[in-house]
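A, B and C are the chain letters, set down in written order, and residue numbers restart from 1 in every chain.
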Amino acid sequence: MTALTYAAPHVVATRRRRIAPFKVLSRALIILIVAVQVYPLLWLFMTSLRTETDYTEGNPFALPSALTLENYARAFRVGNLGRNIVNSLVVTLGANVLIVALGMMAAYAITVLGFRFSGVVRALFLLGIVVPVQIALVPLFIDYASVNLLDTYQSMIIPLAAFALPMSVYLFGSFFGYVPREAYEAASLDGAGPYRIFFGITLPLSINTIVTVVLVNSIFIWNDFIFANTFVLSDGLKTIPLGLQNYIGAMGKVDWTATFAAVCVTITPLLLVFLVLNRAVIQGIESGATKG
Amino acid sequence: MKRFLTVAVAAAAALTLAACSGSPKATSSATTGVDPSGEIKPHAISWLLSRPADGAVVTIMQQLAGEYAQSHSGFSLNLITTPDRPSYIQKYETLAAANKLPELFDTDATPFAQKLASQGKMVDAQALLKSLGVYNQFRPGALNYQRFDDGSLYMIPFEYQPEFFWYNKDLFTKAGVQVPTSLDDLPQICAKLKAAGVTPIALDGQDQWPLERYIAYKPFRLAGPDYVTGLKKGDKQLSDSTGKAAAQWVSDLGSNGCFSSDFSSTGYADAQALFTSGKAAIYNIGTWELSSLATTKLSATVRDNVDFFTLPTVANAVTDPNEYVTSSGIGMAVNSKTYDPLVRDFLKFALGKFFTIAAQQGSLVPVTGVTTTVPDNATPLYKKALDAADHVGTKLVMPWDTQLDPTSNTRLQQELVLLAQGKTTTDQFIDTMDTAIKQNAPKYFG
Amino acid sequence: MLPRRSRLSVLVFLVPPLAVYGIAVLFPILQSLFLSFFQWDGTTAPKAIGVANYARMLGGDSVFWHAFGNNLLYVAISIVIQIGSALIVANLLLTLTRGHAVVKTLYLLPAVISTVAIAFLFQRIYSVQPEGLLNQLLQAVGLGHLQQPWLSNISTVLTAVSIPEGWRFTGLYMLILHAAFLAVPAELEEAARLDGASRWQVFRLIRFPYIRPVWITTLIMAMTYDLRGFDIPYLLTNGGPGQSSELLTTYMYKTAFTSTDYGYASAISVFIVVECLVAVGLIFLVLRRRDQS
């Protein structure tokens, strides 16, 4: 930290003179790339405001000739968006808590504490990264049915969390490897046991990694269709991807404009969470609280 | 480690086998009572279905279940719908594998369903409908569509949907073509329509089944409905004259530009939009789309130009012109394991009322004796379609996707696209399909 | 190893995650691996058939090998897009003094949007009728002769379905790489710069080597996710036309849930697992060799 403050004025001075064109170029590139990434959402939003005839007959990439909120009205009338969002939030939150807590614990035991068969256990976890989930559906369903776990929040949370666990263990593990040994040894000499070290050193240092793990997993869990479709039966438990099925008509005819209206409504909570979390990471880094 | 694995695998084996051994081996429950004794004890039942969430079946059934619950306190009907068919099938098969199918569930008359039926997992629908006294109300064609090829009936239909070739009269006139009387006219008509600058046939290639209809048409006219039942078991080959004619016809449709260049990735809604916006001349779809095609909501230029013709015939056809694809939709099966006096009583109540209400709301229904109300915003075409539906003959084109074994069917859907694109020859196509059916059919029909 | 750990503390930390993972993941996976030695249709009793499923897969199934070849190209394209642009953007972001959070969030947007909507968007971008964005752009820049049905042409479809997959998740990898770049000690870079190192040299000699472990993680993540890529090709083309965009995962899914041939589908998924392990092994092998040289 001291080195950083010391060097800072220097950096600013040299950079400003040498790299003005580079800076302009990189800004332009960032804007271009962001435009490519943002475009789909804008397109979705625009399409969700199109009238039915404009949608079927107009150029799908031109600006709408007229705007309407009718698609949103239909999306709310046919679907149960509020309920779906709440369910998705519960599942995403629940799974994330498990993923972070269990992932950190396993990584801590394997990487920091260490034990005789830690290599084998790590390999077991890594195996889970490479298995395609679709294949486990039938056995999973049979297992869950035998313990009456079907059609509950847990029936979505547990497999979602468990299948994300290997990646979480891996990310935490490689991060824990960065923490200098001396930090642990010093604490140990001060008489701290494994529990105090976990809560006193490892946990606070891991905020950044936690946020990354949560961000990555939230995306997959928020959009999960396959587990939800397999394990949920009642309407009251349907998550957003299942709710989007409400806009499918006879023989698979999709009401696309209503679907897009629903998509626009349902990604809003996730985006808000992202903005807040991203800010947290950056503040964490800038305050020098984390490294890694 | 080694020991752990051994234990785990042994446990896994035990569990898998336990789950499967739950399935009774062709017990006699298929023939046992459709009228179980005992009193009616109201409880919650579920129906796993694949129908639109705001469609007639779901809304009317919800309403009927509410009425029934008023006189049977404790009853409720949980409608679990997955409108997207592939997602539904995954769910239905997973539940079937775990022996967890609910009281009622939707299925087509597929080889998979036939296996369930032969294991006694479904209630004999023919016996059930007879015992409820409603069997004779059903249109024979609507029931035949649900039958397995041995003639047995395990699913109850809720729809009745003849399939027509909708066409745009204005575009036909501009291109100087007439409604085809023979299937063999269609390729030339396409060529002329294409030359006039329109997409001849709007085709939803993404969902596979619309193109698969086209391979079924020629054999149906030339050899009748038995052709596909022979073909799927390997008793007949596509390399015979009927099969060759069928493949050649699809290939001709493709080479004459009947379908747009990106038909294989065109979705359902897009194909329909091509037709309803006047960009495509022909659209082959069932009456479930009446409310989108015969409605005053369409733009005026297209609305008054829409008409339909039925499946053209061929010289020396063995089927009548009024015999074509008439589906009665995905059917509802009754789970024999959970069948009890309550399920029977509710079905009796629901089947007694459903069709009248559905017909009042403008749906075509699989029973006779009720008149479908023409909606207020319908064009005269609506009535014309209803009249045609009442004059459908007795033989049906069975869609091949419900007939062939699923593995061969998947292959057929893929190869058909290539055939229509001209990326494979008719000979290669026939060869690939005959080989696939020969390999796979024994697993399902052996 | 921590000096003051006890056997109990190891168990306290290890047992809960291992139990959840063992019950919810390992056990069902073992069950399905076990199924690969059976013929099972989900309704009748499973029949033990030894290695027949594997023999069929490796020996005579042309669709399987077609799908395998497709998978390799699919992974190659997706990875280049994902990791390549993630590296570039993560670096570019370092030159920004403010607004990281906004740019990062915006960059992640495609990953957040539901797959159904993404697939539909790309179907529109590639389409001919109504004229899609890509074909409109080609027309606008005078390359109208290149216009074509990207998803229906058997020679372009595989690339066309790989691009959305690559584009979609690049934000995730950027996020991870960016966090790693932020951790590169500023004094290291500054020292190099004072020695007259160019921007490229700073990247190649300081920054990149420093984040190498994270880079390898990202590469493995991307590789294994892409090898199991499923939903975009499934929704966009369902493997077609013909088998031109069939992947091992879509083929496995169809085998399991369309053909209800769970045993054979399990054999295919065992192959996917092996393929992923080989890929991870290759990454380590290549990178370790480079370390030694």
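Everything that follows uses one rule, which is that contacts are C-beta pairs under 8 Å (C-beta built on N, C-alpha and C of every residue); 3 or more make two chains touch, one makes a residue touch a chain.
This is a predicted model, so every value here is computed, not measured.
Enquirer: Could you tell me which chain lies farthest from chain A when each chain's centre is the average position of its Cα atoms?
Expert: Following the centroid criterion, the farthest chain would be B.
Enquirer: Which chains, taken as a pair, are joined by the highest number of C-beta contacts?
Expert: Going pair by pair, the biggest contact count turns up for A-C.
Enquirer: List the centre-to-centre spacing of chain A and chain B in whole Å, with centres computed as mean CA coordinates.
Expert: 39
Enquirer: With chain centres defined as C-alpha means, what is the inter-centre distance between chain B and chain C in Å?
Expert: Distance between chain centres, rounded to whole Å: 36 Å.
Enquirer: Provide the C-alpha centroid distance between chain A and chain C, rounded to the nearest whole angstrom.
Expert: The computed centroid separation for chain A versus chain C comes out at 16 Å.
Enquirer: Can you tell me which residues of chain B touch two or more of the remaining chains?
Expert: Counting only residues that touch two or more other chains, chain B contributes 12, 15-16, 90, 94, 97, 267.
Enquirer: Pull out every residue in chain C that's touching 2 or more other chains.
Expert: Residues 26-27, 31, 35, 42, 120, 130, 262.
Enquirer: On chain A, where are the residues touching two or more other chains?
Expert: Counting only residues that touch two or more other chains, chain A contributes 137-139, 143, 225, 256.
Enquirer: How about chain B: which of its residues touch chain A in the complex?
Expert: Residue list for chain B touching chain A: 1, 12, 15-16, 19, 46, 48, 51-55, 78, 80-85, 87, 90-91, 94-95, 97-100, 102, 207, 267-269, 272-273, 276-277, 286, 288-289, 299.
Enquirer: Mind pulling up the chain A residues that touch chain C in the complex?
Expert: Residue list for chain A touching chain C: 3-4, 7, 10-11, 14, 19, 22-23, 26-27, 29-30, 33-34, 36-38, 40-41, 43-44, 59-61, 98, 102-103, 105-106, 108-110, 112-115, 121, 124-140, 143, 158-159, 161-163, 165-167, 169-171, 174, 177-178, 184-185, 188, 192-195, 197-198, 208, 212, 215-216, 219, 222-223, 225, 240-241, 244, 256, 259-260, 263, 266-267, 270-271, 274-275, 278-279, 281-282, 285, 291-292.
Enquirer: Which positions of chain C touch chain B when the two form their complex?
Expert: On the chain C side, the touching residues are 26-27, 30-31, 34-35, 40-46, 63, 120, 123, 126-130, 148-152, 154, 236-243, 254-255, 257-262.
Enquirer: Under the touch definition given earlier, write down the residues of chain A that touch chain B in their complex.
Expert: So the residues of chain A in touch with chain B come to 53, 56-57, 78, 117, 120, 137-139, 141-143, 145-146, 150, 225, 229-230, 233-235, 245-246, 248-256.
Enquirer: Give every residue of chain C touching chain A within the complex, in rising order.
Expert: Against chain A, chain C makes touches at 1-6, 9-10, 12-14, 16-18, 20-21, 23-29, 31-32, 35, 42, 85, 88-89, 92-93, 95-96, 100-118, 120-121, 124, 130-133, 136, 167, 171-172, 175-176, 179, 182-183, 185-187, 190, 193, 199, 213-214, 217, 220-221, 224, 227-228, 230-231, 249, 252-253, 256, 262, 265-266, 269, 272-273, 276-277, 280.
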